[in-house]
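What follows is a single structure, written as structure tokens, with notes after it.
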Amino acid sequence: MKQYKIFVTGKQGIFDPAGETARHALDNLGYTGIESLQIGKYIQLTTDDSVSAEAVKQMCEKLLANPVIEDFSIDETATSATSEIAEKTNAGADE
Amino acid sequence: MKQYKIFVTGKQGIFDPAGETARHALDNLGYTGIESLQIGKYIQLTTDDSVSAEAVKQMCEKLLANPVIEDFSIDETATSATSEIAEKTNAGADE
Amino acid sequence: MSEDTKIPTPVADSIETLDPELAAQVAIQLGLTAEEYQGVIDVQGRVPSLTELYIYSLMWSEHCSYKHSKKQLRNFSSEGEHVLQGPGENAGVISVGDGWAVAFKMESHNHPSAIEPYEGAATGVGGIIRDIFTMGARPIACMDSLRFGTLDKPRQRYLFEGAVAGIGGYGNCLGVPTVGGEVYFEEAYEGNCLINAFAIGLMREENITRAVGSGPGNLVVLIGSSTGRDGIGGASVLASQEFDEAAENKRPAVQVGDPFEEKLLIEVCLELLKRGLFVALGDLGAAGLTSSASEMASRGGVGIDIDVRKVPQRESAMQPFEIMVSESQERMLAVVKPEDFAAVEQVCKRWSVACTAIGTITDTGRFVVRDSSLTAGNDIVADMPAEMLATSAPEYDPPMLRPAYLDELQSEDLSWLSRENKSAAVLSDELLSLLASANICSREWIWRQYDHQVQSNTVLLPGADAAVVRISDTGRGGSTNRGLAMSTDCNGRYCYLDPYVGAQIALAESARNLACVGAAPSAITDCLNFGNPEKPEVFYTFHKAILGLSDACKYYGIPVISGNVSFYNESFGNAIYPTPAVGMVGVVDDISQVVTGAFKQQGDTIILVGQTEDELGGSEYLKVMYDKVTGSPPALDLELEGDVQKVVREAVRDGILQSAHDCSEGGIAVTLAECCIVGGIGAQIDLDDELPAVTSLFSESQSRIVVSVNDEQVNELINRLQQAQVPYSVIGETGGDNLSIEGKIELSLVKITEVYRESLEQLVKQR
Amino acid sequence: MSRVDEVRFGVVTFPGSNCEQDAVHALRHLGYRADYVWHQDTNLNDYDALVLPGGFSYGDYLRCGAVARFSPVMSEVVRYAEAGRPVIGICNGFQVLTEAHLLPGALIRNKGLKFLCQTVHLRVEQSVCKWLDLPTGIVLDIPISHNEGNYICDDDTLARLQENGQIVVRYCEPDGSRLPQGSAPNGALDDIAGICNPRGNVFGLMPHPERVTDAVSGSNAGSVFFTAIATYAREVAGR
């Protein structure tokens, strides 16, 4: 079993009205000091061992992300059935 | 400057129509071997140094996630103005 | 440029102009021709600055200047006693009685949608809605006119699904109902889909607002969203070039719509207009601030002085030209008296909408752009004569050539079609194939995704021949029991086979759709979608279509009050079908009198108003059964068409009819099937017309409407038909669980309903 | 209608609400007083009942109703509701009520991921809801118009809803029956279209009764919701 985490984010220069709105809302709730907020997608994909990272990349290109306005990155996190999906400490996007 | 990555995911057992549909669509595209697919939110938050991780947690509890149906986790990735947002492995995705 | 055109004197003493050689190169890259660039130098009296060059290239692009179409468009007449505003403003306006007026317009967003269908279509809706409330009207309805390739291609399904979702996503959020539209699927649109959006708004006559800048010293105020690099060069790059692989790489940052911001803008602008706090209001559309500011100045014969650094920016390090040409959505430009600015700010604040004074109106006649981050004295980056910039783009008389295919196809002998002797079983199967065709089957899959009822004025749900909305300022102001009927139509196949007749049929069909709900045409808007106008064959079809449409409009006295031209709808060298879409609006005097096409009860008499001829050229039958697009389209007799409409319209108004539904694609067989399906009642028909069966059933002769009447009214209707000297035939009776056409068709209601209702969704979902 | 009824409704308007005018129109058409209440207003004393209308408050960005929930008016709405006074949330208003935890559960995207605008059949259930005074089992035809109407909650909550009679209306077939695979076009759990709080004064539903109250729609099936609450409000006020 393989575990992929996919991060889909708006391309540079693409306007993100949802992020803007959330940012304003936080302002109004009294949270100061926020410089930017963007909302993207976080996709958790579990596959059997036959699915390669390359195949996952293709899935993103074809379906999971919209290449015209979105970028994505993929993080293969775990390869055994035991590792749990959402660790609090997960290293996130930086691989 | 601080950089937080927030992952908002559907609670266990909560139906995820977008994930379901994407999964079917991948099936139809001929990708086999997928065991599960969940779509959540990936929020990138940039703040000044005054914003604590605790404050970010509060923002999630109050606004960014709905505790009735969602879990979240937070990842503080960078804490200085110099450390760049987009690491090479992740090119383009973060800007 | 004529000798006596006076160019106001420049404001700038020094401005950083480009190196002459470089400027000429950049001009070409930006899409200006060498002669056009020379024109820029003539108007400026010098080599332009970089910002100026960008501005000219956009203002003189096809999209903004209509340089290839302007002369042709003069054929249209906007004369009419109830016309309050013709073409030239953001939207046309007509009076609809009792002091109410409506503004409406249709516009294309084809090229952006071909790149990103959801956002492209969504921002198309956003743009047309801004044109409406700019005029002071509250948007009350939308329609969409769509063209795609065939749904067996995954990319076409993607475009179609995305565009429909985008139209819904935007309009639904605004709370403007999308009440109708049209859609066709054909190979000709495969490389270049068409997304035309129509919007209409309601206002009191006295509230008409125009985008005419005036009053030197007044403030120029930008309201709404921040400015980013979205769609930079969008208008000129996309809409003025053919779409091919190179264009995909030229992809400018796609514009993303923010319907929430637009909703706030509607409320803010209408409130400010009502309180008289705007001197002028315009929206930022193609070419952004550049076009909106220069047009406002030019219309008012004033100058305008803008500081780009005051413009709220969402991206860092934006160049002055980027700020000037950005096509970021949901922005409005207003002229405000200095003493009113605080009040304007207050209203904007209440709605959390940004509002910034970015410049002033001047009496210099110059359009001056400053960058206050530069040193004082050297801060002017563009200084142009506003009027010349907005109005002196070149006007072309492109060469025309009658395409060779026209004679070839028009003269094609189709008599073999009707010689075949087909059994009722075969004909019934053929009817099922037509009912399943993507061009005929129910569009419910589309309109279910559109909020078509919000504002509580929708009289007829989508699916009727024409949409009808009540004239009412729901929950805010007055309400009436009168309505607005609207329809959008164009059969591109007919226009391909005969652009003159095809365009006339588009108008006739719209008017016929209105007649079916008891409305007469008040005015139209149009959206003329064509290929590359620099190709003589394409331009010929454009010319002919305009002539056809304008001749027919003049014949019926229907003014053309607004419109839009979209050229360069080509991919890999192939133009789309000429597609002059018509958006028509008429008034319903009593909404309680409207009828639908649905058969209402057993035992009503069914009458065909009009007459079927042998006209299978360009028909859906020919396409579906034989995969052919050939022959001459049906003929259109303007007088007969007018008479048919009149008699039906009046019969609807006088409450004589139970149902009325026009014959269009698929012929009378499809029309009858639709009346049965929507009404849930069968019909027993005998088409005793001495035509071969195939012709009788599937011919697409114009000027035909199928009506049903109850026993008490049959004689009255027949009297009226005879008096009007309109051909008609009594063809049967409603009732039963089948559609049976004597000797030709025998199908159960259940079967035709299933095929008709489920086909589109199945086509979308196929893999 | 000629006589203006003394019952007065407040229709709360958030930035992005877009059915507030429909609600006001419907209420006035039914003969009641109805006024807009701006999301920053905090004085609700004048109203006998509150309507949180449909629309896309704050664009429905992030989550439907998530931002509106923090509007100044909402803390007063909570107080108003806790005092036992009637509150109805229609469509987006229902979503706001769940986000504000005045009603349990949540509304997520329709199962087909498509916006749905169509008329549905609603079966009136045996409930404690004061907004509806109809015999159980009656079927009403009311339009829906939403992208996120798929009701969801955990098993305990569902059990509680059933036990307390908090399920007010369910999606059903024309004859009132429900299909084994569900009759909710949006995929809602247990075909739930509308629920109320245990006290019955706070009611949220996805369908739009305000759209079917006058002749233009050809139906007045939605009127019953408003007439019932007007009767109740008069009782409470002792009029």
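Chains: A, B, C and D, in written order; residue numbering restarts at 1 for each.
The working rule: a contact is a pair of C-beta atoms (placed from the backbone, for glycine too) under 8 Å apart; a residue touches a chain by one contact, two chains touch by 3 or more.
Just so you know, these numbers come straight off a predicted model, no measurement behind them.
Pairs A-C and C-D differ in how many C-beta pairs touch across them, and the larger number is found at C-D. Separating the CA-averaged centres of chain A and chain B is a span of 5 Å.
For this pair, chain A with chain C, the centres built from the Cα atoms lie 38 Å apart. With centres taken as mean Cα positions, chain D sits 36 Å from chain C.
Residue positions 11, 17, 21-22, 25, 29, 39 of chain A are each in touch with at least two other chains. Annotation for chain D: residues 58-59, 61-62, 66-67, 70 touch two or more other chains. Chain contacts: chain C has residues 258, 260-261, 352 touching two or more partner chains.
Which chains touch which is summed up as A-B, A-C, A-D, B-D, C-D.
Residues 13-15, 17-18, 20-21, 63-64, 66, 68-69 of chain B are the ones that touch chain D when the two sit in their complex. Per the touch definition, chain D reaches chain B in the complex via residues 62-63, 66-67, 70, 98-99, 104-106, 108-113, 150, 152-154, 187. Residues 1, 7-9, 11-12, 19, 22, 25-26, 29, 31-48, 50-51, 55, 58-59, 62-64, 71-73, 85-95 of chain A are the ones that touch chain B when the two sit in their complex. Interface of chain A with chain D (complex): residues 17-18, 21-22, 25, 28-29, 39. Put simply, chain D touches chain A in their complex at residues 58-59, 61-62, 66-67, 70.
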